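What follows is a structure written as structure tokens; I'll ask about it next.
Lettered A, B, C and D in written order, each chain numbered from 1.
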Amino acid sequence: MASFIQLLVSGLATGAIYALIAVGFTLLWQTSQTINFAQGEFVMVPAFFILEAMYLGAPFWLAILIGIALSVLLIGLAFKLIIVDPMLKHGVLPLVISTIALSLFMKEMVKNLYSSNAQPFPALAPPIDLHFFGAVISTQSLVVLAVAISAVVALHLLLHKTRLGRSMQATAQNPTLARILGIPVRRMVLYTFLINAVLCAIASILISPIYLAKFINGETLGVAAFLAAIIGGFNQVRGAIFGGFILGILDNLSAAYLSSTYRGAFPLLILIAVIMWRPQGLLGRVEERTV
Amino acid sequence: MTAVLAVSNLSKYFGGITAVDDVSFEVRDGEILGIIGPNGSGKSTLFNCVLGQLTPNEGEVRVDGRVTTGMRPCDINRLRVSRTFQLLQVFPQLSVRDNLVLAGQEHQGSMYTRLIGRADAGLGEAAGQMIEFFRLSHLADEMAGLLSYGQQKLLDAAMAFMAGPRLVLLDEPAGGVNLTMLGHLRERLQAYHAEKKATFVVIEHQMEFVMALCTRVLVLAEGRVIAEGTPHDIRRDPKVIEAYLGH
Amino acid sequence: MKRLAVIAVAVGAAFAIVVPLFLKPYGIYLSSTWAVLTIAAMGLNLTLGYAGQVSLAQGAFVGIGAYTTALLMHAGVPYPIAFIAAGLVCFSIGWVLGYPALRVQHHYLAFVTLAFTTLVFLVLRNEEWLTGGTYGLSGIPRPVLFGWSTNGPVRFYYFSLGVLTVLATGTWWMLRSPWGRAFIALRENPIRALSLGLDTRRYTLMAFAIGSSIGGLSGAVFAPLVQYIEPLSFALNLSLNLLLMVIVGGSGYFFGPFIGALVAVLLPEWLRFIEGYYLVFYAVMVMVMMAFCPTGILGLVERIVKAVSVKRSPPQPALQPEGTSP
Amino acid sequence: MRRVGIIATFIAAGLGLASPAHSQSTVYMPAVLEESGPGAVSGTNFRDGLKLAVEEINAKGGILGKKIDMPVFDSQSEAGVSRGLIQKVLDNKPYVVFGPVYSGSVLVDMQLTQAAEIPEIVGGEAATITMKGDPYVFRTSFGQQFSMPKIANYIRDGLKAKTVALIWVNSDFGKPGRDNFLKEMANDNIKVIADISTELGQTDFSADVIKVKAANADVIFAYVNEEESARFLKEARKQGITKTPIVGETTLLSQKVIELSGGASEGTMGHVALTVDAPVPAVQAFAERFKKRFNYICDHNGIKGYTAVYFVKYVAEKMGKFDSKGFIDVAHGLTITPKDEPNILMEVTWDKNGDIDRESFLGEVVDGKQKIVKILPKLGK
């Protein structure tokens, strides 16, 4: 029983990360039909911005701010203007190829400019282990959980309670109509890219102390984000969160109770099942198709 | 003799809305039946139910006395029933000729004989004639996507005739077509009807077009048949006028 | 336009035939790799480019084909039979994988196939009793066909080129037959296609099955080329690369995969002189290419040729207002 | 037409590359290594080891008066690519070839180097490499069939364990190691009561630790790569595994893991074949030079690369000429002592299979440093 709780707790902590990444992923999809194969690298890179800043002598808190700023600038603004915008009108696939190339680009850059070795990364909270019901959770995991959830809640409020958020949603659901209603669609789309950048940076800061910073880390994270997004619902913020948690817990439970060599398989089977029987995702809306 | 097409007590709901409400009618061999009605009166939905794009919630459709409800569109099409769509539905990346061959090829032999058989499935000539017939010769090898709207409308209709159907359902063939083209289209349809003794069902808004083309008219409003008769009677039917002006 | 294409193809073919005479074994090995990847990409181009079904599973099928061939050859089965078996196995699995495509499209389909690819990788790695697991399968012999040994770089290159030619001819034949028209119809407007009597179900499954079996056949050549196969070679990366080849070359163009594979094989090689940063440059060039010719290299070529020919000849009648049509 | 133009440029480029000019004044000793992809860490370490040695040697005038020309080719951690690259370098008649590190790639490339009769100095540790009777392959570190017995003896005699929980990485490095380990455990009839596979690059080890805990064995043996080791140790300590000794082989005790795991690796022990913390002045001096040159602490792969070059140098000078075929006759059964060649760092012997024999160490992590507790003599002695 204790071990089961342990699995749930760690699963939640991991799931929270996936959720963060998945949310940004779905945002991009909704507003610009971008399937971002570089999403994992978007999470891998900010850690190195921060490490570099600290290497140059900035204190941790400042380095974090710098890291977030750089992320917004590079994987938010630059990504949107330089890579996405020229491609948008050409449909999904060319952009997919570009993001695949981009992910290779980022991995290689980090490897060459920084190091191929994994780097230790300072933690936000001192790793104190708290015990309850026989399960252990480190303050780190709690911080991860807390920050991730609050970030997502904040985003949810932004999207549903503010004027800006509502116009972003309008943009996501029906750009043409939004334009008629006088919503600055292009700027709304840009905002989602900036938000995604921030989310990625946060995720990066949260996981790097536990996962360490390494150029290859993005690969697993990126796929996890896909899975979470699809399982939860591609067109729903809360769906992505839900998906993230499911994924985190499922991964742990299957590794512990089913098969460790096939641990990677179970989320995929769930994914296929979901797509086949509930394509809009467990919490997703049905996308209306016109005959 | 049995009707070419018999629709009995057909109904289709979308959630709460009733798009088609207990509609029954018959189409006799060789006639041109017009179906008119204000927007949203369920005309297109009716077509989609008849031809299998949608499955009706209630009712039954018969082609030559054979029940076709629940059959897939492609199987219904093989019974020599074809259609056009309200919105343009040609294949822009195929040439005019290929569009026509495509429209006929599935009626030639089996899937596998087609694989080893001739590239044009032996339809080159038929396609040529159809192109002639609809006077598209100078465009035969253009990509359909490059044609003007009206020309594409012609092609769209031509495709419906490619397989030599005996029943054709045309969904707003005149929609958005300029007058020159309109006369041209009507004249072609009549010519085909005369020549091939085919049966037409035409959804249309363009009254003049309907009145000139159809032998009998059915009026739909809010998913129900509210009137039926010759173009002449329909024109002065108060219910019809009400249905149009009332909205 | 047409004449130009014919000339280009002829020159290309001649080039492919004489090229080994100028290359060292390594260059020839690369050329063989090009041939193998072209076959795989050609299959994907059929599924994706013509029939419009997004698939991220082509790499997995190359793997399945390679393992089928290797295992059968180790079991003493003659190569030709192993080759055919690889095609058949992939055909049937591809047929099954086609069913999701009947329900979902676009990115959903992409993710189903992505999941499939990873599952295949896991099976190849974990089922050691069959696939040798992480050890992979080594010592795969170069086949001997009718007493003619394909051992030696040049011989094997011509062998893979031969396979490519045969499969390309077959594919070309299918695409010029009514099937090709049907696949395009499937891509452009399935609903209308259905109303014209196309059994879209059957064609969709066929597009998947045939595309996959071609992938499998490329695997059947890949195995004796490298003479060693391991699960990692067929992980998601390969599928993404093949997708890249199709798109970069020109999706829906018959010769797109040929060009795409050429870029994917030779460009990184050609950039190696940059040393550490060569993959970075490669990535950048791909992004630039996508930004400037999203329809792929052949798409660009076509645009250019069109532009030139339009300049020369008077505007097409199609571009005139309809009123003037006789 | 344009299409053909493109082809022409590419092929031409390919051609141009197939034959880099190398003059009479240099000796061509290329390396094929995992510079990108999952193998990048091992690959770059090995590469930098090579580079350091080559720079030193060239600074002193090279081998037999010839400067070493050592281009490095990136195999992208792909067997297929590495095979091609080996083909490429063989086209230019190298004296010897260095790398690769991935055992899978080595197994492919061996066939080519053997056919071309060119010695290949590899980093791979899978037992199978030297079991194929290929006289042209030489290791730079213990094959698992030598390191695993050492760890086994330690678990049996040193720790007096009856049961062990095994956690390994499911890769071409971890899987063969695990198989050899199981064999040894069977011989010493020690029960392996947990056999847990993990993924390369796995981040969340809670499930695996729970299994290890549940097994409650006398000893835990962890055979995973550096950063996975660190993550595993962190999780293990978090879930309160403090009593049970955690044993590892080379990677677990490496400086990198100590650095990454932030204290969690305290008290871990095990066998270290090559380590910069060896109580050998030469090794530590090398570690210093390496850190100065590349500013990171090198792992065992760095040492493997470094010594590989000096091995080749020594053999060449012993023969007095560059003769790839002659190389193997001299190298088999060869023993090099630091007296003969200081930069070989430790006395080392190559047997007839190309397997290596060296002193190795039993180490333990004590207050954030690797402490050597016992020196294991060469098997030959």
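Things to note:
Keep in mind that, in the parts below, contacts are C-beta pairs under 8 Å (C-beta built on N, C-alpha and C of every residue); 3 or more make two chains touch, one makes a residue touch a chain.
What you see is a predicted model; the values in this text were computed from it and never measured.
Path length between chain B and chain D in the chain contact graph, taken as the least number of steps between touching chains: 2.
Comparing mean CA positions across the assembly, the chain most remote from chain D is B.
The interface holding more C-beta pairs in contact, when B-C is weighed against A-D, is B-C.
Spacing of chain B relative to chain C, judged by their CA centroids, is 40 angstrom.
Annotation: 36 Å between the Cα-based centres of chain A and chain D. Chain centres here are Cα means. That of chain A falls 49 Å from that of chain B. For the pair chain A and chain C, the distance between mean C-alpha positions equals 32 Å.
Touching two or more other chains at once are residues 125-126, 191, 276, 279 of chain C. Within chain A, residues 108, 261, 264, 291 each touch two or more of the remaining chains. For chain B, the set of residues touching two or more other chains reads 53. Residues 54, 100, 103-104, 106-108, 110-112, 114-116, 118-119, 122, 125-126, 191, 236, 240, 243-244, 247-248, 251, 276-277, 279-280, 282-284, 286-287, 290-291, 294-295 of chain C are the ones that touch chain A when the two sit in their complex. If you check the complex, the residues on chain D that touch chain A are 36-38, 40-41, 43-44, 170, 196-199, 201-204, 206-208, 210-211, 213-214, 226-227, 230-231, 234, 238-240, 256, 259-260, 262, 296. Taken together, the chain C residues at the contact with chain D in this complex read 4, 7-8, 11-12, 15, 19, 22-27, 29-30, 33, 125-126, 133-136, 138, 153, 222, 226-230, 232-233, 255, 259, 262-263, 266-267, 269-270, 272-273, 275-276, 278-279, 297-298, 301, 304.
Touching chain D in their complex are the following residues of chain A: 3, 6-7, 10-11, 14, 107-108, 111, 115-118, 120, 127, 129, 136, 138, 207, 210-212, 214-217, 219-220, 248, 251-253, 255-256, 260-261, 263-264. Residues 51, 53, 72-74, 77-78, 82-83, 85, 89-94, 98, 101-103, 105-108, 111, 114-117, 119-121, 135, 138-139, 142, 146-151, 159, 163, 178, 180-181 of chain B are the ones that touch chain C when the two sit in their complex.
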